[in-house]
């Protein structure tokens, strides 16, 4: 009997009551484990670029503007919030915050730029890479090692020149 | 029969045309055959041994052995076996016998490797462009290893338009999609409508073809791919995530710890819960019943919240890494989850009771989008669509993975064959999922959630994994490779097969039913991640003779 | 002194003379102009005669020729009823002929000497048929004149085999009708008589009228048979069910459009005239009780409803412009028959209210006859214009013509809305009278209520079919066929003018139905003896614009008030629209983004109303 | 005068059209979720409409794809102005994981002008509501770009000859190598 | 006459003011049924006002026809309002009759049809084809109700018909009136163009059907006229079947009338919220049965039952 089931459905409706959350007027914190916007702690970062290496969206960009200064830029705009960067960071310099209210009218607002001071290897003159136990996968083939795939980190400059969206990795040398 | 018997049977029939066979653990086996008898072997496997077609895969192996590899994967559901039938193809002018006249379901898969790898399926019944965008130049194959993943080929023409077939006489074309309120995702259906009756359709989908496989083969590393796999589909992301991880684990023999398997099972079932509730809601929304839509979402919301609490995100759980999971279910979460599913069960039971008897809803769904057993076999339809047609296939039971062999559950089957049947199946599967989660929460073993991987992942191994997504079996095929990334990673989402059955389902249905029939497979076009055109001009399905198939079951 | 009869006779002679002249003349355009001028000239005579009758009352019949032995007499008589139909004929003829001048240019392969002589002869035949009182010989002569000229007009495009077939069908059906009607006349004639010292021959109408009383009492079966013969004969002519379908939908589309307009607007109306004349005006009021009006009313109104329903239901399936219109001619004839039937049925009751309602019904029938002539011929001219511009009658191929011929579209819109009975247009005014007559008449003859209701229901079907006609041809999206083959220009003024004239008349009689009804009132009053005259005795205007039934019992509509309200509220709507000062922007249609303006994606006429067409599938056999 | 008054009503009644140009569905579902009982965007006058003609707001999900770019542009053009475009999710905001793949053009701002970005993968319904509230002026923007700088350590440079002085800033001259 | 015109104008003004409010109430009730907070009750006003400033997109062959149909849809709806008794006064109802009312209501519908045709989009044409198919049985059903009332009251005039005279049948018990009351109630959703009979607009299939191409002020007029039509059908229903109390002194009759409208709207909303949309063939079969039954009722009425 359709009629009875309609009444039943109506009852379900009424029984539930009004459940609407008063969200924008009252804050609604995210749960403990929530993977919101990653926050970079410049004071802890050692510039190992482990995060850049493990970011599926390849949106943590690293550029060495000179031997001592490494710029690490988190664009945010295509972040998948997977939390791998925080996972692999040996120094816990990245934390997945509970901040999700990141809507903006300018996408550049969510980027974070870290200017890191790198110590220099006495022998080759290049930046010193912290040998970190990034993860249990003991495999070769980090992008950093494989010259053909170094692009995420070191292609940055040309990337920046060619790209139409200039705020992607617009590094100011200030 | 078991693997050995099947291989023996095939050897008896084809002798040394069967070049090589590998039997792996986990009830998977690989057969390499001469390319000239591929079709015959397929016929034996598909027709005589009654296997279910899964997908076809093309692999560019030119840098290793100068040729291509073509694989047709089959599943022997009753014997709990997965089989990959492979053949090597010459590298210069790659072509392979098409099996579409024997296995109509391979239509898209073959066109896909034709598009992406340039392996020509000879004798394909409808060799039209499937995956690549309209403006893509001919002769450029993005999945070949020499194609840079981020380049746009010379000759890409944005203004080129797709050549559709002519509409049947007396029919008007109703364009449907890519931006249509029923389709949450881009896909274009060209419906041939007479008055209100849909007489046929041509599908131009794969608009969400983002090239994930290429990404996984050329850019991402083993442990980044799970995040990309998850984004193949936003609803059943965890399924892809788990399926990928399992495929790699299967290829190299990594054993994830039991606790992680339970956690995977729980998350998969949570995902099934939210997906089924979502689907029932959307089906109601499409039929104009917005209240039930709202209430399905209301009931579903706590599932999202608990998933967020467990994994840190409502949908993309980012759950798996190779050899384990990332998020643990603690004791408090365990308790909370029990409460949530307890409440869910009560409120869902009320809804099911009401909806079951709702003749208004039945009027809209009974007899709509008929997919019977024959169609299920021919088009290799999956999941609730198959189960609603009375075909009890369920990878969780047939090809157990994670902790599914340690829990008890029923495969819900209905034989309405129509949208109503699929509604019933999905509504009851919610209870099965709840049952599974309960058992898992009870049985979950303490221990590590991540296996320790000490060795590098070896190169050139094959791995297969079938995972039952809410909408059907999701199949991942992996060949491990160098540079910490797979050489080939092939995803076959359930929608890929189910969508091929849609044209038959909507034929001679009302326009209003078309949306429902389409929705009833729970289409997820991004899941397919590639595209094609289908057109069904005749709806009658006859099995056996290839000739008859060509004329009757016109997979144009 | 030019009596009405004489002037009608002159008009007939003029037409025949014109036929001869146009047959001699060779130039296409000159022929057209001559034919048009002659039509105007005849129309002046006709108008003179008709208005003379309507205003001053009818005079005596005039006999021009007589041969007693054969019963052969050309006795012309114009009374109110004839006058009303003559006005209709002349009013339709003028625009049709004017339209022809330009329209005939596109028949390059055909000679107009096969056209203008016949159409003038056709006109003469109709004038004659509407004014002769001879039920046998001159009826026969005029009928044959009309049939033969009609035959040649229908087969004008003789290269098309279908047209020849259609004309043959027309010929055969008309001959049967002629024979049947004459048989009826033979059965009913009761011998010679005299009227006002004038000897009347045996088959003269007035003579029959004098004898009808005795015939009805003495030989009821024979007289019933005779009336049945009339019904069948004229029924064939006016396309009544079950005869209409046989010839009408083929003949109308086959003929050139102005002829279709004349065929549908005037020629089939001679059938209406015949039915009215023989069923309502033949039996004198004092003998009316002898006439089984109860049964004839039932039969005619039932036949009317069946005609209405079957015609309209089949029209719904049509995809050819003129064929669709032709089926609607059948349908609309149903309304007229319903009005006549209701009037006859109600005339049985001696109650003054019944009589009044009968008068309303027959006034509605007469008014609808006139209005149908206006809008249907306008629609045929529209169809002709489309044909002229695009060379097709196929609605599936058409679309978006409004941007090519906006003015034609306006007239076509008015005509389509008018035939669907949308207020405030003339179709509504006349249908309203028929509904009121029928439904209110249900107090006396209860079966009339459901019949009236079916008529309302059918007007929905009519609307559906004209939404399709107008929408698929003028609105919708421009088809590839139209944009390829069509010159982007409006029609010549000489083709537009007649359409606008007719459209203006549609609007005028819609907003001021008063003028039409005044004409009908005096037509009824001034008609010669017969029950129709009795209807004329009822005041249709007592208490209000249209209330014939007393203010408290009847109805009252004021189309003018509706128009004023519509205009007023439209102004309000425009004001609201202007309030936000929103900008306008032209854009392409939204087809879900992927395809753009695909011709295959044009929802054409074939696809409209699929479900309803399924329901009315069976109507094809009716 | 009236127009100004009516313009004030505009944010109170936003009809949204939702266009997925090739995303994974996740954001779609969350957008639908925003309309459901717990979040109920309708209390802000937000209504999901079926045709872009009726829409004030286009909610874009998914990256700009080569296969749908034209359609997306058409959808945008089909909307009557004033119109707002929301880019929802990582794919729409930045192109997602596949931002540089052969079939992906990138963020949708390359196709249509975007007014508001709601990052997240997928964003929580609350985040979408927040974005909507931001567009309506109910809340303030919370994010600003951060530039952090480690303090420069006084370690002597090993190859001072490679350094060139540029406006008081030391720059490594082999920069083009990187 | 002056008073009649004044009261008609007052009716028009009241309906113009109240129609969006009723829509707002409907949306609120729907939201409540769906466990939501729902939009503010004044939301439809905001919607309409917003639409007025939106760009007016003109697609298709004939923008002028589109504008004409929008204006006429609004004007014809208001014309009907001016002719109806709406609680505040009888308006011009003594100057019109049921046939004119039915046809004017049809004309309102026709304007939507013309709008859909003028837009020329495939979806709008599917939509108008559906809407027309629904109108074919619907208008006659309403006509039957009015005709039964007319036969019972002996007059076609609207003020006489909308006075509860439908129950004044010459027989002992007004069987036909009760039948038609049930039928009209069972098809009221279709008059209100709400689920399950909003097939012509089916958002998820053909994207609002006839209005798919409309934007800006034209859409506002269509939406407004749709709201007004709901009030019209409510008023017709109330006038035909539950007229009691509306004749009372000024504030009472007025309030009682709108109270009844609210009750009817509540019913419509609840039914709309708990049903799935029917398919066009199901709806047509449904209304074909309704039409046959109402024809039977009419036949009963014509013999005085």
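Which chain is which? They are A, B, C, D and E, in the order written, and residues in each are numbered from 1.
Here is the rule we use: contacts are C-beta pairs under 8 Å (C-beta built on N, C-alpha and C of every residue); 3 or more make two chains touch, one makes a residue touch a chain.
All values reported here derive from a predicted model rather than from experimental measurement.
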Quick one: which chains contact chain A and chain D both?
-> B, E
Based on CA centres, what chain would you say lies at the far end from chain E?
-> A
Which pair, D-E or A-E, has more C-beta contacts?
-> D-E
Using mean Cα positions as chain centres, tell me which chain lies farthest from chain C.
-> A
Most centrally placed chain, judged by C-alpha centres = E
Centroid spacing, where centroids are CA-atom means, of chain B and chain E in whole angstrom | 48
Hey, how far is the Cα centre of chain B from the one of chain C, in Å?
-> 66
Interchain centroid distance [CA atoms averaged], chain A/chain C, Å = 80
Using the average of all C-alpha atoms in each chain as its centre, how far is it in Å between chain A and chain B?
-> 30
Shared interface positions of chain B, touching two or more other chains = 172-175, 178-181, 193, 195-196, 220, 227-228, 231, 291, 294-295, 298, 308, 313, 316, 360
For chain C, residue numbers touching 2 or more other chains are 579-581, 583, 585, 587-588, 590-594, 601-603, 607-611
Tell me, which residues of chain D touch at least two other chains?
-> 3, 6, 36-38, 40, 43, 50-53, 68, 70-72, 75, 78, 80-81, 96-97, 121, 124
Every chain pair meeting the touch definition is listed as A-B, A-D, A-E, B-C, B-D, B-E, C-D, C-E, D-E
Under the touch definition given earlier, write down the residues of chain E that touch chain D in their complex.
-> 27, 31, 34-40, 43, 46-47, 49-50, 52-57, 203-204, 207-208, 211-216, 219
Taking the complex as given, what residues does chain B use to touch chain D?
-> 132-136, 142, 147, 149-153, 156, 158, 178-179, 181, 184-186, 206-212, 214-215, 220, 227-228, 231-235, 237, 278, 282, 293-295, 297-298, 301, 304, 308, 313-316, 524, 526-527, 531
Touch list for chain E against partner chain C, complex = 12, 49, 51-65, 67, 70-72, 74-76, 78-79, 82-83, 92, 94-100, 102-104, 106-107, 110, 113-114, 117-122, 125-126, 128-129, 132-133, 135-137, 139-140, 143-144, 147, 150-151, 154-157, 212-213, 216-218, 220-221, 224, 280-281, 284, 288, 291, 295, 298-299, 301-304
In their complex, what parts of chain A are in touch with chain D?
-> 16, 18-21, 23-24, 28, 30, 37, 40, 42-43, 45, 56-59, 63-68, 75-82, 99-117, 119-120, 122, 125, 154, 156-157, 164-165, 173-174
The chain D residues in contact with chain C across the complex are 2-3, 6, 51-53, 68, 70-72, 74-75, 77-78, 80-81
